[in-house]
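As written, the chain order gives the labels A, B, C and D, with residue 1 at the start of each chain.
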Amino acid sequence: MADHAPSVAMEAVLKPSCDLPEDMPKIRGYDFNQGVDLQAVLKSYITTGFQASSLGLAIQEINLMIEKRLEPVEEDEGKEWKESDEQRKSGCTIFLGYTSNLISSGVRESIRYLVEHKMVDVIVSTAGGIEEDLIKCLAHTYLGEFSLSGKELRLRGINRIGNLLVPNDNYCKFEDWVVPILDQMLLEQNTEGTRWTPSKMIHRLGKEINNTDSVYYWAYKNNIPVFSPALTDGSLGDMLYFHSFKNPGLVLDIVEDIRRINSQAVFAKRTGMIILGGGLIKHHICNANLMRNGADHAVFVNTGQEFDGSDSGARPDEAISWGKIKTDAKPVKVYADASLVFPLIVAQTFALHADKLTAGKKTD
Amino acid sequence: MADHAPSVAMEAVLKPSCDLPEDMPKIRGYDFNQGVDLQAVLKSYITTGFQASSLGLAIQEINLMIEKRLEPVEEDEGKEWKESDEQRKSGCTIFLGYTSNLISSGVRESIRYLVEHKMVDVIVSTAGGIEEDLIKCLAHTYLGEFSLSGKELRLRGINRIGNLLVPNDNYCKFEDWVVPILDQMLLEQNTEGTRWTPSKMIHRLGKEINNTDSVYYWAYKNNIPVFSPALTDGSLGDMLYFHSFKNPGLVLDIVEDIRRINSQAVFAKRTGMIILGGGLIKHHICNANLMRNGADHAVFVNTGQEFDGSDSGARPDEAISWGKIKTDAKPVKVYADASLVFPLIVAQTFALHADKLTAGKKTD
Amino acid sequence: MADHAPSVAMEAVLKPSCDLPEDMPKIRGYDFNQGVDLQAVLKSYITTGFQASSLGLAIQEINLMIEKRLEPVEEDEGKEWKESDEQRKSGCTIFLGYTSNLISSGVRESIRYLVEHKMVDVIVSTAGGIEEDLIKCLAHTYLGEFSLSGKELRLRGINRIGNLLVPNDNYCKFEDWVVPILDQMLLEQNTEGTRWTPSKMIHRLGKEINNTDSVYYWAYKNNIPVFSPALTDGSLGDMLYFHSFKNPGLVLDIVEDIRRINSQAVFAKRTGMIILGGGLIKHHICNANLMRNGADHAVFVNTGQEFDGSDSGARPDEAISWGKIKTDAKPVKVYADASLVFPLIVAQTFALHADKLTAGKKTD
Amino acid sequence: MADHAPSVAMEAVLKPSCDLPEDMPKIRGYDFNQGVDLQAVLKSYITTGFQASSLGLAIQEINLMIEKRLEPVEEDEGKEWKESDEQRKSGCTIFLGYTSNLISSGVRESIRYLVEHKMVDVIVSTAGGIEEDLIKCLAHTYLGEFSLSGKELRLRGINRIGNLLVPNDNYCKFEDWVVPILDQMLLEQNTEGTRWTPSKMIHRLGKEINNTDSVYYWAYKNNIPVFSPALTDGSLGDMLYFHSFKNPGLVLDIVEDIRRINSQAVFAKRTGMIILGGGLIKHHICNANLMRNGADHAVFVNTGQEFDGSDSGARPDEAISWGKIKTDAKPVKVYADASLVFPLIVAQTFALHADKLTAGKKTD
C-alpha cells in the first residue's frame, strides 16, 4: 500500500489561494454576550451571510433611496415632460408594490404607516390588496392554521388565506358598503362624464372608507396614486359583476392608468422600487420603470425562484437585461416571506428617519 | 451497564401497526427490464410516489374532465341563465390559465394545440402571455442560460426570461405590427361605438396575426374567449402608452370582461380548471368558479409554496374554503415547473383522446 | 339581458359564516406611530400572520422549553435507566442541530453563545459544521456574492458557500493544525486503547482549539456532547484520508455514538428539539427522540418543502406519525433561512432569560 | 398635453439589439399535430426552455458519461496509484447518490435497474436509503396523502414519508431479519478480526437479503461499493442500539470507508456524478471528486435553492469553486422532484443504451 496520499488529491485539497481585497467584509455575527440589543443584532446582519446579509443590504439600499429622496429638486428638473402637477418634487420617487396577502396580514400596518406619512409615492397592488384593506375596516381577520380543512371551513363560511381566516360575513358587509358607491360612480359617469379607471376608483374608495386604519384612506388624503390594473380580479369584481345586472354600464378603463403610472416613472428624478411578492405587481412596477430606462434602486422581497422562468422568481439581474433596472444599480433581493422581514425593514429605514421624512409635510 | 435496551425505546420503535385497507395502492416504480416503454413509464407514475404520483393523479383528473366534456348536454340545461350563445354545449367547460413565461417557452406549442382543436373553452393569461405569442410570429426566442449577465445583455439589447433570450428587435417589430391595429381599434371605437375590452382586443389581435402558429389566432378562429384583465401590463401596455400620445382616446374596459368570464363559469354544466403557474391567472379562474360555488375539477401546476400565504402557492384545499372548488372535488396540485410536465400531461390526456375530442368539430 | 345576478353566484359569494371562537387572535401588525421599538415589533409578529406568526410561535415554544428546563428535577427521576452521569439534571433536555453553512455564517456566534452558557444539552451537526468552526479560529471567512464565477474563484483558490467566500489557505492552515492531533489520537488508540468515536474526536478538537470563539471549545468546557456520525464527510475526512497513508490505523466508530445520543433522549425528563436546516442533522435528532416516543417540544427552521417527500422538507406533523414528536406536542416550523431568524429567536428566548438560565452554573 | 411619447421611454423600449449567434437554439416545443410520440416529446424538451431544457441537457450529459464509459481503457492507465483491483476498468466511473425517500418511492426500481446491470460504479446513500430497500423486500410501502394527520397515523402505527405510508410492522419485520445478522457480524469481528465499515456492512446485508428486487443485493452481486457514512442514522441505528445492550461490541469504522470512496475518484480515468437530492449524499460524492480535482461530468436533480447557503441547494457552479467539478465541465442541475424526472432520464440514457452497456458483462 502506498505510504503517501495521491499527489492529485493533495494538490487539489491544498491548492493555495490568492489574497482577497483588504476591505472585504469578514463574516461575524452578533455576540449576545453584549446583551440583547436588537438594533445591534440587525446591524450585524450584513456580516452574517446568506439572507441575513441580503436583509442588511436591502436596508442599506432603502436608506439610500431615502437619502436621495431628501435631496432638493431643482424647479426646472423634469419640467419639460411634466404631464401634470402630480409628479412630486422628490429626489427619489419610491414605488411600493405588494400582493394581496400582505394586506390581509399584519404587514398592512407597516404599509399604512408609510402611506400615512407620505413616505412612498406610487403604489401598485392587486384587487385583493385593495379590497382587503377596506374590508378590514368593516370586520376582523383572524389567525388560524395552514392545515385547517378546506371543506370544514367552507361549510362554516370561513375563508382561509394561508394561516389567516376571514369570515365570509366580512364580504357581505363589504357588499353593503360598496354597492351604493358603485351606484354613485355610475351616476357620475353618466352625468358628469367621469372616466373611471382603477386608480380613480381606489382614490374614491379611500375617501369613502374614511378610516385612519386604512392604507387607501391615507393614499386618498395624501394623493398617492394606487394602481391595480386587474381591479376586477377579486371581491370588487364580484361586486361589479352583481352591479352589472342591477345597474349596468359602469366602465373601468385601464389605458389611462398605464399612461399615468408610466409618467410617474418617466418624470421622476430618480426612482426606487420596493416590491413585496411577485406576479402582476412586480412586473407592473418594473415595466413602468423601463420607461425611464431603469429604476435607480430596487429591493425585492419574495419567495419565488428563477428556475421556472417566472417573472415572479426572477433575480433583479433579469430586470437589468430588460432595462427595468439601471445597469449600474445595486438591486437587492431578499428571499423571504415579507411578513418576516418587512416590519424589520421599515423599522430600520423609514421609521428610523421619520423625522426627516415628514419634516415640512402636512396631511391636511 | 444495562443488558437490555430501555423498554420505552423498544416500544416506540416496534409499535405494532393497524392494517391498511386492502385496496391501498402499493408503491412500485417502472421496471426497465421490460424495455423502454414511455407510456408504461408514465403509467407507473401513479404508484411511484411524491410528485410522480401527483402527475399521475393530474392526468387522471384531466381525463375525467375530458370524459365529462364528451357527455351530451340537454338542450335545456343552463338555459334559464344563458346570457348569449357563447356558452358552449359542453359537458365540462375547461378553463385553461397560464403565465406569460410559458408562452415564451415551448409550452406554447402544447397550448396552441389545445386551442387549435377546441379542447379548452376559456383562457386566462397575463399581458405577456398574449403578446409573446404574437411576437413569436414575428421573430424567434432563443435558448440561453440563467446565469448570463444582465448588464451585458442590456448593452446588447437582449432580454432574458429565465434561460430564454428575446432580442429587443422583436419588440420593435411588434410595435410596427400593432400600432396600425391600435389606430384602427380607436377608429372603430369612435365611429362604430365599439366598447373594447381586453378579451375583444385579444380576439382582434388573433384575427390580425393570421398565423397558424399562434395560440390566439386559433382562439379567434374557434371563438374561445381569452381574458387578461391587466392587458396593459406588458409590451401591449407600452404600445398603448405610446399610442396615447400620437392618437389618444382608446378605452379598454375591464368590467364587461368580468361579467363575461363569470358567465362562462355560472352557466356551465360542469367546470374544470387547468392552471399553470400562479398570480393573477390562478386567482382569476378560481374567482370565476366561485360564481358557480366551485369548480368540479381542478389541476394546478406550479412551483409556489403555501408558507407565505400567497394565493400563488396555496394548496387547492385553500380554494375549497372559499367555494372556488367544490367541497367534494378531488383537486390535484403538481409541484413542478410546467415546462417539465405539461407536454407530458397533454400527451396522456387531450392528445391521447384527440379523435373523440375533435369528432364533429370543424374549424372553418 | 337578466336584471339580477345569477342566484348561484350571489349565494356562493355571500354565504353567511358561523362565528369564530371569541378568543381567536385577530390579525394586527405593529403600528410604527408608536415609535421604533424592535421588541414590540417582534412581539407583534404572532398576530401578523404567515411566517411572522410562525416565528412568534417558535419563540413561544422555545420559551416553554426554557421554562420547563428550569423546573427542578427530582433526584430519582430517570435513575433506573441512567447510563452514566452524563445526563444532565435538567427539566428539559434541549437538542440543537444545525447544518454546516450556519457555522460558516455569522449564526455561529449565536450558537457559540448558547453553548458557552450551557443553554443547550446535545448538539448534532455535519462534518462541515464541526470543522468550519475550528477553521474560523485559524482564518477568516468573507462576504461575497451568490453570482461569482466558480471557475474564476477556483483559479484563485477561493471557495464559495452561498454568498460567503473561504480562501483555500484556510484549509491548508487547518491541515497544519489537525494532523499532529490525528497523530496523537492514533497513538492513544494504540497505546491506551482509546476507542474513538466522532463525539469523542469533537470533544478533543474542542479542547485543542482552546479558543473562546469556538463553539466546540465551549462544548468541551461544558461537557456538551456533539454528534456528527458522518464526521469524515468534509475537510476532516480529507485530513483523515491523507493521514491514512502517512500514519494508518485510526478508527472512528459510529455505533458507540448512536447509543450515546439515544441515551440522551431516553433518560431525559422532557426534551426539546431546535433544528436549523435539514438532512442528516434533522433526522438524527428526531430519530434519537423516537427512542423516548417523541420529543415534547420541537422547532424547525428551514427552507425545505414537503412535496418531494424528503425528510428535510417534511412538516413536523410527519415526525409525529413516526413517534419522533409526541402526539400532543405543538411543534413549530418556520419556513426561512435560519440566518434571518435564528439571531432574533435567540434574542427573544435564551438571551432574554440568560440570568435565570445561567444562575448557579459555572464554567470552570 | 404632449403629442409624442417621452423619448427616454421610446428609446428604452425600442432599443435595437445585436445579433445572436447563428447556431443559437430557437425555442420550439413539441407539436402534437404530429401525434403522441413520447420519445419525440422528450427530444423537444431541450428547446422548450426552463427546466424542460435542463432535463434535456441532463440527458445529454449522462449520455456523454455513457459514451466515455464505453471507451476502452489502457491497461496501464491509473496503474501507479491503484490501491486494489476494485477500480473498474471503465472509461468513466459513475457515482450515483440518492436520498432515502427515493428508495421509499418507486424510483427504487430505476435505481435497482442501474445497479443490476452494472451501469454505475459507486453508490452513496443515507441510512434510510439502505434499510428501506431491504425492508421493501419484507413488506410493502403504500400510497397515501401528504395531508394525513400525524397523530391519527401514529395511533394506528403507520409512518408517513411525504405521500407514502409505511406500516410500523415493516420495521418489526426488519428487526427480526437483521438482528441475527448483527450477531453474526459481531462474531466475525471477534473471531476473524473483521473490521466492519458501513460499506462492508451494506455489502453483507445485500448478500443476506438475497432478493432480486433489492438494490443492494445487486450491488453485492456486482461488487459495486455503497457508501453511507452515517449508517447509524435510521432504523439500522435503532437495531444497532438495541443490539448494543444484548450483544455489545460491534464497531463500524468510517475512516476506512473515506479512503475507499476517495480512491474510487482518484484512480478513475474520468468521473461522472449523478446526484438525486441534497444533504450528505450530495456533499459526499462531490467531496470524493475533489480528490481528483473535480468530476468531469455532473448532473444534480433536486428541489433545493441556493439562497440559504446550503450545500443542498447550491448550483453546480459553487462546486466548481471548490474543485469538486472541473472548471471546464458542463454540469447540469434539474430543479425538480427526482420522482418526476429520474425514470424519464433513465429511459433516455442508460436503458436506451442497455445493449452497449451490458455487452460482455456477466452477472453471475
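Definition applied: a contact is a pair of C-beta atoms (placed from the backbone, for glycine too) under 8 Å apart; a residue touches a chain by one contact, two chains touch by 3 or more.
Because the structure is predicted, anything quoted here is derived from the model rather than measured.
Shared contact partners of subunit B and subunit C, listed by label: A, D. Each chain's centre was taken as the mean of its CA atoms, and the one lying most distant from subunit D is A.
In terms of their C-alpha centroids, the spacing between subunit B and subunit D amounts to 33 Å. Separation between the centroids of subunit C and subunit D, computed from CA atoms only, is 26 Å. Computed from the mean C-alpha positions, the centre of subunit A lies at a distance of 41 Å from the centre of subunit D. The multi-chain contact residues of subunit B, meaning those touching 2 or more other chains, are 1-2, 9, 13, 15, 49-51, 54, 101, 104-105, 147, 158, 162-164, 238, 241, 244, 262, 290-291, 305, 307-309, 317, 323, 335, 337, 339. Within the complex formed with subunit C, the subunit D residues making contact are 99-101, 104-105, 126, 128, 146, 148-151, 153-155, 158-164, 195, 198, 229-234, 237-238, 240-241, 244, 250-259, 262, 277-280, 283-284, 287, 290-291, 302-314, 316-323, 325, 327-328, 337-339.
Those residues of subunit D whose C-beta lies close enough to touch subunit B in the complex are 1-5, 9-10, 13-20, 24-33, 35-36, 38-39, 41-42, 44-55, 101, 104-110, 113, 116, 140-144, 147, 156-158, 162-165, 167-172, 175, 235, 238, 241-242, 244-246, 248, 317, 335-337, 339-341, 343-344, 346-347, 350-352, 354.
By the touch rule above, subunit C contacts subunit B in their complex via residues 1-2, 6, 8-9, 11-13, 15, 49-51, 54, 81, 83, 147, 262, 266-267, 290-294, 305, 307-309, 323, 335.
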